[in-house]
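Alright, structures below, take your time with them.
Next come two complexes, and both contain chain A; in the first it sits with chain B, in the second with chain C.
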Partner chain A sequence: MSSFRLTLERRQQVSTLRSTTTYILGLLLGLGFGLAVLLAAGAPAATLLDDLVIQVFFSSMGLAQTLTLAVPLILVGLAATSAMRLRFWNVGIEGQLWLGAIGATLVALSDFGSESLRLPTMLLASAIAGAAWIAVPLILKLRAGVNELVATLLLSNVAYLLLQHLLFGAWKDPVNSFPVSPRFDDSEQLASLGFGNLHSGIYVALGITLLMAILVQKSRTGFYVDVIGRNRTTALATGIPVTATITLMILLSGALAGLAGGLIVTGVEHRLTQTIGINTTFSGIVIAFIARFNPLAVLPTAIVLAGIYNAGGTLKVFYGIPDSIVVLIQGIVLLTLLMVQFFRSYRVSLIRQSAPQSSQPST
Partner chain B sequence: MEQFITSWLGSTPAFAIPLALASMGLVLCERAGVLNMGAEGYMALGAMTAAVLTLTLGNPAIGIIAAVIAGAALALIFGFAVVIMRCEQILAGLATMAVGLGVAGVVGRPYVHKSFEGLQPLDIPLLDQIPLLGRLLFNQDILVYLTVLIGFGLWFLLERTRAGLKIRAVGEDPASADVAGVQVQLQQLMAITASGALCGLAGAYLSVASSSVWVDNMIAGRGWIALALVVFARWDPLKALAGAFLFGAIEALLPRLQAIGVPAPIYLMNMLPYLFTIAVLLVAAWSGSKKGVEPAALGKPYVRQDRH
Partner chain C sequence: MSQGSPLLTLSAIDKSFDIHRVLNSVSFELARGEVHALLGENGAGKSTLMNILIGVYSADAGKLELEGKPLKISKPSDSARQGIGMVHQHFRLVDRLTLTENLLLAADDHPQLKSRAAAREALLSTAKEIGFTLNPDCQVGELSVAEKQRAEICKVLALGARILILDEPTAVLTDSEASSMLAAIRRMAESGRSIILITHKLREVVGFSHRVTIMRRGETVAAGLDTSDLSIEKISSLMMGSSSTSLSPDGINSKKAPGNIQEHGPDLLAISHLNARRDDGAPALTDVSLRVRAGEILGLAGVGGNGQHELTELLSGIRSASSGSVMIDGADALGLSPRQRRKLGLRVIPADRMASALVSDLSIAANLSLTSVVSGRFGRLWLNRRRIQREAQASIEQHEIAGARPSGRMGLLSGGNAQKVLLAREIDSGMKLLLAHSPTRGLDIRASALVHQRLREAAAKGAACLLVSEDVEEIMALSDRICVISAGKIMGELPGDASAADIGRLILGHE
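Moving on to the complex of A and B:
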């Protein structure tokens, strides 16, 4: 008598072929599910290609809007990448983004420094504010071992309340009935590129992507990050500056998220509002994960996601499909990718079990 | 003043109950070793389901039951992902959260801002006239009493029964539990499903009992507060219940202060629960009690080869 039993083991080594195939299959499957959901929600199949691809990437106005939406997404994708490479759970990207927007607005409203340097000062302030906001959970983690997941999450809520406190109070535009700050002066707005709403922030995003790629893939720090991300104990034992590397990368993560906020207020809104940056924590993590934590891959991923957000706007106007469909699609793609990874990391095998009275001595 | 306190305490459950139900569900889930980031999504799905069914069928009870089932079903998808497919729990939780929020937004779209006859408070004559505590204790809907009951039931389950011991064993040391004959995956799936059901009920309370309408972004971050509340309550269902009432009381107080003209910076004061929680995290970390309380295997996928 023999019976069969399913067993599960972790694969000790995963071939590049297996890992690439499972990734591509997962992505295609996820996008397929996403499309199915779109159709089920009432998007007409006949014009889907047009709405989803042609209008947002191959029409002049559509592409301009997609790239405009992509600017903050690229930065939050890089922010998530920077933290997740070290397995640091920054789920407070929104909070750092809001602090960044507040920092930039503070410089603008107080007319700090000379007018010619105002814009760079605002962007610098946004990065510093974002870094300062993540410094709190970072210190709590490094000094007291407090879980960063909950701390970044909590501080995100605090940041939103701070934003509301300012917009309903001291910074409220007296001539506007909505809770928004006064409009920035012309010298406090990023130059428009004459291509839809696209502003010079796209150059900032592209430049930073390149710098991040160099930092992560070519520099010594990037190597340290890889080692620490794989095994912190080994990294410590080999004399790698673990704390310094973590501090640098996590402050960078906050700074990038803050800069995303700075670019939104200086490039698009031209004032502080309470609707910026919604869902950017989740989108940043989705982008970083799909890009497999590779900065250069963050760029196309963020642009494609921006295209989906852009198409979401069209679907809303023409077919009454709510914005939440975009969040739903991101959730489905991420969940599918995660589940398909099972076939990358684990081996399932059917094992024939011999009867208990076998002569095999137990070990 | 007495009037003010009576009505303030009376309105506290409206803020506390959703937090209490969701955080107690998450306590159960985390005690089984599963970090569940999906609460916001289960709550949204529950709130939408309850509102839509109450609107179309006119019966809040059916709406509430359907919300519980919807929350449990979505949680089961998360459970399949993390328990069977061994997905990264935080990422899979965030993904399920997005699915819940997305489905609630898309399906609930035609029903937004349509108010309906929701769950009414129980009418207990005379007792609700008692000063200070009368309205808090005797002028609430049935879900409020049910929530308190669930809190004690959950505490009893976890601390005093064999079933609870199995759940805790899985959360502390799945390998040893496995060797002892506990079905690790089954325990975790049950805990996850129950947490989804409780979050669904929390959502239903928001739409059917406290506001009688469905709107987008109804949950507004309560799922995240519930997640923080689990840490605040040190993984104890009764402390989660008490913590939810504390947070709810602060939330209920602020608009009232503003209404009677007290110049309170309400947004800054609303930060208090979050800052409290960070302080609790810090104190727990410093006093070194963290190891004793937080489930040791929280967030780690278990494979049988990990037995030692």
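Moving on to the complex of A and C:
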């Protein structure tokens, strides 16, 4: 009588080569599964390469649209990175993004400040609003030990209700039948770069990526974050300002998400709508994980993901494939990547057991 | 013990990591029913050899035989099935589970232990057999380090180990606990089990082992010598090689400076009427008062788990007191953050360095520079990473931290070298008060001697040292004054030349 048995063992050492190959393999495998799902959903195999790669990255209009979509994705990717480096789960990125959009719109609709400084004021307001929205779960976590997963997630729902409350009420555009705010003035819009819908917000995103990279890799705070994220007791015992660092990085996370909302309303929509920023929590976390929490790697990752979103739009229009397929593909890629990471550290083997071994431990 | 054929034979074992050859044709032989001491300094290859035996590593070359038959071990479960068990220095226990649950978790290959009642019973009977008391329903996380170790030993034995590898079993025990532990080891051997005892305490080797194998730099320098033919001096010279200086049994090679008891300066640490609670709310410290003056080492002796852990956490600033006061260099420190206390000159070497002083996932340079980064020495806003690397390199060379590169991962260093990193970082020019808790736990003779030398130098330079240790020999060798803690209370104070018996009487006096 023989039976099989699955065993699991931790590898003694993981080489850089193994680490890199498993990562790339995981990514490719995930994309492969994603493609299979796409084909199963009815996307035509013949034009898939064209739809997924050529049209979104190598055609002028397609690339412009991909980059436009990438702007908020870069920021939410950085927002997730900022929190995840401290092992803080910010799953309320959408909520902070909506608050950011509301903050920018508030400045625009109330004609706050001088017209020449209106746009920077709007962006600043969006960052502050986003930071304020995450301040609530942050305080709950630091003061009362409330799990940030629950608090950030639930506050997102509150943010969405607030958004709808404004769009169906006080801020509803009287000349529009849809629940949208009045259109912003020209001085309240980011400059178009004359390349599709692409706007000057891309410079903001690039600049912030660079600043984040410097913060994480060169600053004293970045060093503190590395220690706190890995061993909080040591951080406390060696006198690292743990609470201050966490507060700074988490407020930054909320501010970046809020700024993403600000850039969407000032750069693309030019008004507040209820469709902005959907799924950005998920995308932000996916980007941060794939980029391994490295700000510079967030940039290409966000652009590739934007390409998939862009292609998703095409697939929806031409083949009637629901755009939730894009979220599905993201999920598949992330899960595959994480599962393959497991095989990086563990060896799994299937063992056939025949008769019991002759030498049993004596008791 | 040399009669008959050996139970276990390891012959001509080679092992390299990358380009580093850590084992070079090593041989080892174990007889049935013997206690076989395996000796060597840190990095001599003892742990690697044992890891090969239990299937964590595989040998590059060489042969393993059990009862004359080739033994193929490619993974830990293979060795467990053959009845080979190891009790590591870092315990293989899940904190959130009870002892019984930990045994159930490990009992994959033991159908007879599959029920909770059977596992519980097995633990209790094992504990009884070797003279331990333990509560199988207690969560492991609530146990002291010493209790965890007893639990781990019972677990491995309950799983039916007939060859038991003990990696420094007495490193965390006090003298009285250690003797009962060693007596238990002898009983296990008499009942037919074979014990491989890895230890740094030569007195234990001479008193409790049948045979000795000594390793140095990845080679066997003495294989299976009869202990009765050996003296401590002989063993220590074999271990240390020809460059050996004469070492006393526990690696303590210099006496306290005579008469320095009168030379001490002002109180750098004054603790008065301090009370604190444990995590579970029970009192940990009751009305503790201590003072440590500049230039002296105050030894705080006692059995582990009697409030030492809470006291060191409290002094470091990561645990709060319920009442009392702590003055560091004349300043009221209880309300201060760890950072402010460091500014007053407090430096800490905690008992569990990897948990609360070092970061194993970061580079050695990051660990060496950690507190200087906090004090702003490498820049307030931006860090001078190049200078961090450069100073780390200099520090590694100055303190002879073997196998370390500034960019290397901290977690890959051996215990002795990790402690060197911590000493290099903590003993700096700003130090006024040094708090050291079990600073030589798990270190070999040479590393322990180095730690002791550093503590003495620190005191000689005018620092106040509070040495909290469960090792009475260490306390006796270093302290100018000795206090004893038991059940969270200070039981009394003795002069530095007090005898072990006097200290022991105070330790036990309360029980």
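Convention: the second predicted complex is superposed on the first by the 332 of 363 C-alpha atoms of A that agree within 3 Å, B and C clash if a C-alpha of one lies under 4 Å from a C-alpha of the other, contacts with A are read in each partner's own complex, and residues count from 1 in each chain.
FYI, contacts are C-beta pairs under 8 Å (C-beta built on N, C-alpha and C of every residue); 3 or more make two chains touch, one makes a residue touch a chain.
Only a predicted model underlies this, so the values are computations on that prediction, with no experimental measurement involved.
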| item | value |
| --- | --- |
| Touched partner set for A:Phe168, first chain B, second chain C, both or neither | first |
| Chain B versus chain C as contact partner of A:Phe289, first or second or both or neither | first |
| Touched partner set for A:Pro241, first chain B, second chain C, both or neither | second |
| Partner chain(s) touched by A:Ser324 [first = chain B, second = chain C, both, neither] | first |
| Chain B versus chain C as contact partner of A:Ile24, first or second or both or neither | neither |
| Chain B versus chain C as contact partner of A:Glu9, first or second or both or neither | both |
| Partner chain in contact with A:Ala41 - chain B first, chain C second, else both or neither | first |
| Chain A residues touched - chain C or chain B, whichever exceeds | B |
| Which of chain B and chain C A:Asp226 touches, first, second, both or neither | second |
| On chain A, positions contacted by chain B and by chain C | 7, 9 |
| Of all residues in chain B, those that touch chain A in their complex | 37, 41, 77, 81, 85-88, 90-92, 94-99, 101-106, 109, 216, 221, 224-225, 227-228, 231, 265, 267-268, 270-271, 274-275, 277-278, 281-282, 285-286, 290, 303-305 |
| Sites on chain A touched by chain B in the complex | 7-10, 41, 89, 91, 140, 144-147, 149-151, 153-158, 161-162, 164-165, 168-169, 282, 285, 289, 320-332, 334-335, 338-339, 341-342, 345-346 |
| Chain A-touching residues of chain C, taken from the complex the two chains share | 17, 56-57, 66-67, 75-77, 81-83, 159-162, 192, 316-318, 337-342, 348, 350, 355-362, 366, 370-371, 373-374, 376, 378-383, 385 |
| Residue numbers on chain A that touch chain C, as the complex places them | 7, 9, 12-13, 218-220, 222-224, 226-227, 230-231, 233-234, 236-241, 357, 359, 361-363 |
